[in-house]
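The first chain written gets the first letter, and so on, giving A, B, C and D; residue counts start at 1 in each chain.
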Amino acid sequence: MCRWLAYSGSPVLLDELLYGTQNSLIVQSLHSRLGAEETNGDGVGVGWYGAQETPAVFRSIEPAWNDRNLRELADHISAGTVFAHIRASTGSPVQQTNCHPFRHGRWLWMHNGLIRDFHAVKRDLVLAVDPDLYPEIEGTTDSETLFYVALTFGLEDDPPRAVERAIGLVEAAGREHGVEYPFQGTIATTDGESIWAFRYSSEGKSRSLFFSTDVRTLRAVYPENEMLRELSDEARLVVSEPLGDLPGAWNEVPESSWGVVKPGQDELHAFTPDLEFAGAHR
Amino acid sequence: MCRWLAYSGSPVLLDELLYGTQNSLIVQSLHSRLGAEETNGDGVGVGWYGAQETPAVFRSIEPAWNDRNLRELADHISAGTVFAHIRASTGSPVQQTNCHPFRHGRWLWMHNGLIRDFHAVKRDLVLAVDPDLYPEIEGTTDSETLFYVALTFGLEDDPPRAVERAIGLVEAAGREHGVEYPFQGTIATTDGESIWAFRYSSEGKSRSLFFSTDVRTLRAVYPENEMLRELSDEARLVVSEPLGDLPGAWNEVPESSWGVVKPGQDELHAFTPDLEFAGAHR
Amino acid sequence: MCRWLAYSGSPVLLDELLYGTQNSLIVQSLHSRLGAEETNGDGVGVGWYGAQETPAVFRSIEPAWNDRNLRELADHISAGTVFAHIRASTGSPVQQTNCHPFRHGRWLWMHNGLIRDFHAVKRDLVLAVDPDLYPEIEGTTDSETLFYVALTFGLEDDPPRAVERAIGLVEAAGREHGVEYPFQGTIATTDGESIWAFRYSSEGKSRSLFFSTDVRTLRAVYPENEMLRELSDEARLVVSEPLGDLPGAWNEVPESSWGVVKPGQDELHAFTPDLEFAGAHR
Amino acid sequence: MCRWLAYSGSPVLLDELLYGTQNSLIVQSLHSRLGAEETNGDGVGVGWYGAQETPAVFRSIEPAWNDRNLRELADHISAGTVFAHIRASTGSPVQQTNCHPFRHGRWLWMHNGLIRDFHAVKRDLVLAVDPDLYPEIEGTTDSETLFYVALTFGLEDDPPRAVERAIGLVEAAGREHGVEYPFQGTIATTDGESIWAFRYSSEGKSRSLFFSTDVRTLRAVYPENEMLRELSDEARLVVSEPLGDLPGAWNEVPESSWGVVKPGQDELHAFTPDLEFAGAHR
């Protein structure tokens, strides 16, 4: 229902991240290989960190494949932390405020998947949002609401814990309304320093998610590859689906897990929704 | 912060309503005479009743003065009940879901003005909305939230009473949050048969609102006027500001009042927000 | 590279034409079965004839599948002659002025296919356009330029002859610039009374084109079919690809031919580009 | 009919150029003081030079005052050569390809004003465009056509001479068609190193144009002014109207003149259309 890409590493031109590969995000906007929908033409968004404290976010309702402003930005902007997202709406309106990534202060958030029967549980989720944060919600997606629930539950202090709590609330609220599998999807969030990625679904069959192999390892295998030589040792991509067919370059994120890309050793852990937290704090 | 027009009468081409007068709504989009803002370029919407049970609604984020699809529709569509609205955003995003008129079933709703400090009271208002109606809210304006509060409070059964209750809640919630003058504006709503219009503000200095003089009276004064001869006896316009300078054609709606345009004798009454209702039903 | 639909018959709600079938034009915008491109998401246009002398044209750059204004119009407008087109750009910008159908007076025009190497021959074609018509060209597509060449060559008097001359010029100009197969595609044009449709390509492998079987014949085969009972005897659809799977309902237009849907007996003829005309009149 | 701004100097955040002053370009989009039209809400464009060979161009059809992507870019992008333009259409469609600045290779071009009776002379001007350049024209404005005429007449080698020739052709073609005052306006063009600005009209009453006073001079007068201290000595703004009210900061460009902002001493010269060139080369 969407596809996304998160990058952390030495600054690269957005063009290389968005257009420069065989199965690039722009290619996926017309023909995704692994997505729930082949076409992801309901808007596009890119967030990046530059000289300012908060990240820039460009969002457009035009299909990514023909968005000329996106093409211009990609040709001229380089960044070391980049989020990009192409949307396939599951019903909510195609408007800039429904395009990912969403931003709060230094934080970005994007999501592929859905909260099932969102109409039924939306009110419960919105009620859980900190009243001071509530007016910041500008769009109508399940993804943005989930972001604000996670912010309310401590995203800025402990992202994995906050997301476990937020999805725990989705699971609990969904079950109350008789939804069999309340949550489906993958999530990425960042403060500009680290990137946290999540893969989880109530039914245990989550949307696809991959991370790139360590650059030093890949360089040893492909000593001639120019792009690999330019990348920093710690450069990492987390993507809905592989951007190309280089053998050994892509690794599937296991079901029900979360990982963090950060200075030093990256990590991968099991993910378990916290069904208690929200109930205990109502 | 916006301008609007409501028409009921014999079917007329939208062109005549929207473009065909000296100070038409399209002229007002660039140069409003009486509006809080001179420019109303943040989108446009038109609702009309045709052969179907529910009205059609066209909404666009382009400024009305250069919207070509609006121009096309105006040239080709005639209707006997028409709502049209041009927007000057007070901060909420320029997107179709924030353009008036809003629709629920057979009902249309539009508003000129604002709920002051909406960020502070939005949550209280949203909590008052019937949970079954809540998921229908698609945009982020104060106007749409107020519509759903009014629907919750009985708009479809007794529009004047429901709006008195809804604005009563705005007054009460605003005061709780220390807002001196919580509500400002004019509202129009219709079920396709009758049009109800409201003019009220907490401070007693409301946005301008006018209604057209009885067609039979005008015809007697201007026997040569071709447009007047074509209109049905009961045709009536309610508008944010006069569409032209014909002496005797326009009458100001008094402060704190509501009126109804309906088959038979139209009516005009005093408007008093009901501060008790919402509190008693929480 | 595009898909289109032309309808003539008893007035029907646009919804039935655009959304109401298994392989409707809206379905084709995401997943065309027979198109050169599977996705036709670069804008949409609908033209219809109502009470006015000239047809109405609605054009939007949003993908058809999620265009809410199109959805509204389809739900509320009925017409007896309708052109609808979904676009897959071959490079020219996605903007309303590049959306089909194009209009000149009472005439509409739409096209699926391309003038190959249009950049090379555009100037030659534009030079052939009547200087009085030239300033009316508002977009940058090959299709619109071809429309104005055809108008210059007599479209309003003898459509088949004018299109044979216009495509003749494309063939001649293309060959001068070394283009092997200068023209590819299908065209529909109408004055609101009759619809002319063309299928031709230099290489003899043209984009798909179908016409619907005579309604009386279909009714005899499917006496229970409700839609068929509502249609007038002479109702006819010409479409880039069948809208459904009803056996016997669709007939392929032969290679290199043109047809006319008109009051009385429709006709089908061979199509031969006139390579002489333009040269003789330069 | 438009307003524009050209900056050359030490890199500054776009925000300071576009939003940061009392009568900023964004303020002018709603309320221009000296423009032919008060409202310039028919689109916006910004061009800037970064690390790449060719400049970036962002163009949007939304009114500048509420364009969120423009706001984002302004908050995050700094540049040393910047062109920005807000549009008030004189009839041609509101679409990205009609937004200034226009680009060819390293060159940018923008214009405020009009070629009078453009419909009558457009064909003559287009015929003068180098056939190799012709297919690059993507929009339908007089401004873009004039850019391609100037490119044809040597803009990249000698900008003042090329513009004198191009406007000379406009004057000649206009007179042939009986246009009393064929050209009106101001123009800016740049190769990223120097900026050339032009002020001219057939009737000798041209659209307003100003340049900023030498930074060293201003600093001596306003030693406390922080922005002035940050700017490089050679920083210069050329603008349709002053961005603020600082006494001594703005100087009107004389009628019928052109200037160049470049490394070293800037220059100001008389401008005379070359009426002979185009005729001699037809």
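Note that contacts are C-beta pairs under 8 Å (C-beta built on N, C-alpha and C of every residue); 3 or more make two chains touch, one makes a residue touch a chain.
Model, not experiment: these values are computed from the prediction.
Shared residue numbers account for over half of those found at the interface formed by chain C and chain D, and the copies are therefore classed as meeting with the same residues.
If you lay the C-alpha trace of chain A over that of chain C, the rotation comes to 180 degrees, to the nearest 5.
Looking at which of B-D and A-D shares more C-beta pairs in contact, the answer is the pair A-D. Centre-to-centre, using mean CA coordinates, chain A is 41 Å away from chain D.
Residue positions 68, 93, 96 of chain C are each in touch with at least two other chains. Touching chain D in their complex are the following residues of chain B: 30-31, 38-39, 41-42, 61-63, 66, 68, 89, 93-94.
Residues 92-93, 95-97, 118-120, 122-123, 126-127, 131, 134-135, 137-140 of chain A are the ones that touch chain B when the two sit in their complex. Residues of chain C touching chain B in their complex: 50-52, 56-60, 68-69, 72-73, 75-78, 96.
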